[in-house]
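Before anything else, here's the structure in question.
Letters A, B, C and D mark the chains as written, and numbering starts fresh at 1 in each.
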Amino acid sequence: MSDFAVTISPRFYETDALGHINNASITAWFEVVRVRYLESLENSDFSAAKDWILASIQVDFVAETFYGNDVVAKITAANVGNSSLTIFCEMFQQGKLTVKGKAVLVYMDSAEKTSTRIPDKLREQIAAL
Amino acid sequence: MSDFAVTISPRFYETDALGHINNASITAWFEVVRVRYLESLENSDFSAAKDWILASIQVDFVAETFYGNDVVAKITAANVGNSSLTIFCEMFQQGKLTVKGKAVLVYMDSAEKTSTRIPDKLREQIAAL
Amino acid sequence: MSDFAVTISPRFYETDALGHINNASITAWFEVVRVRYLESLENSDFSAAKDWILASIQVDFVAETFYGNDVVAKITAANVGNSSLTIFCEMFQQGKLTVKGKAVLVYMDSAEKTSTRIPDKLREQIAAL
Amino acid sequence: MSDFAVTISPRFYETDALGHINNASITAWFEVVRVRYLESLENSDFSAAKDWILASIQVDFVAETFYGNDVVAKITAANVGNSSLTIFCEMFQQGKLTVKGKAVLVYMDSAEKTSTRIPDKLREQIAAL
């Protein structure tokens, strides 16, 4: 896939007393890029945020992130299971890898409130990106 | 009124690179004490968060707040208008005044989605506290 | 002055259970535009965030802000006192005024840790913007 | 080990438009309990937050967390390596398991800014808790 990328400008309130961006803010950024990616798949048949439940996240803090330079957050891979979608993310600041993330989402039948098979059309969109 | 108070333990991620608690976190704490206060008025006839719209806030940062010691956030006064409620808050850390806040809320008729007169029962509860 | 503006894309985690952007997130956005504005004044003689202390903020929530459309946050005026700077901000979503903010900052002598007169060079920059 | 536990009252601004507590807030809570745990080990020879670097976190969102009831966040295990410490956390709301977390921290020599062997005294404290 070609990378899906979002540029994030660190905010001063996202720093902490150690002088860098706090890990909780970085994990929140992972939601930003993840939701944008899901929205990019969206069409009239499905709306992103309500169709997916976040099952788990893993974040590796490879290097510190600092205030003052933009961060590029990329979706580097998206693996489709039956009802699950695993999204891989990498973040870079000044060209340096700072964060590696992995999220597992489950596709929901909003009427039944149960997990359900990811529709073919959506599978194609994920594969195409 | 006797003060209504909530104790808040500053969280590390609420600090910023200046080494103190960031002002955005403190403003968020003001929501915590305000909502708890409104919930304390709540009974079967009204549910707090949905009945009030926040019209404005003012926060004076009297002194820095630091990580490592609890903050006591007090509602010091609540003035009832026709459909509006003005809530005054003070925060203290180690006995020192750090923050003074003022919020204006408007009571809503949730069915009509318009502001409406604060019910008498609720006025009594506010006066009694 | 010509307006200084920052575009903010609301993030999903900045919504709350009432379905709109939470007031604490909006107040945090006010910091984003304020700090960017101060940084735009910055030169080799002074670094923005450490030279200013936030004395107070006032935020009027004129209309709800929603997820899904960008917000334009503008600095509409900046009034210089002796050691204080009052910054006025307005936020718009889809052309509609949603937020009016006002912040009072105090210029600090970082060595002495006391408030000090805003330097002439900085006054000129503020006036010019 | 006997569990180390922190009680967290969900805050209204920690909810999102899906009506539950947002995953970014829950990940931030994990920092709260983790830092408190590290501080409980602290003595005059070491100060918690500055001696540890967060290398990675994993969070499984087992069930939704809601506003309105306290969450109990427990450290259920802590495994010491040479310079690394793996902390396991579980969160419960109304007795129901909602979150399972795992964090890997690395002990730092703050002067040298490199990872270093966790001191014996600290190992004993971790084992004893």
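In the analysis below, a contact is a pair of C-beta atoms (placed from the backbone, for glycine too) under 8 Å apart; a residue touches a chain by one contact, two chains touch by 3 or more.
If you're wondering where the values come from, they're calculated on a predicted model, not measured in any experiment.
Chain centres computed from CA atoms place D at the largest separation from subunit C.
Set side by side, the interfaces C-D and B-D show unequal numbers of C-beta pairs in contact, with more at C-D.
Averaged C-alpha coordinates give centres for subunit C and subunit D that are 34 Å from one another. Separating the centre of subunit B from that of subunit D, both taken as means of CA atoms, is a distance of 29 Å. Annotation for subunit D: residues 12-13, 17, 22-24, 28, 31, 49 touch two or more other chains. On the side of subunit A, the complex with subunit C involves touching residues 11-13, 28, 31-32, 35, 49. Listed in rising order, the residues of subunit B touching subunit C in the complex are 17-18, 22-24, 27-28, 31, 49-50, 53-61. Residues of subunit D that touch subunit C in their complex: 12-13, 15-17, 19-20, 22-25, 67.
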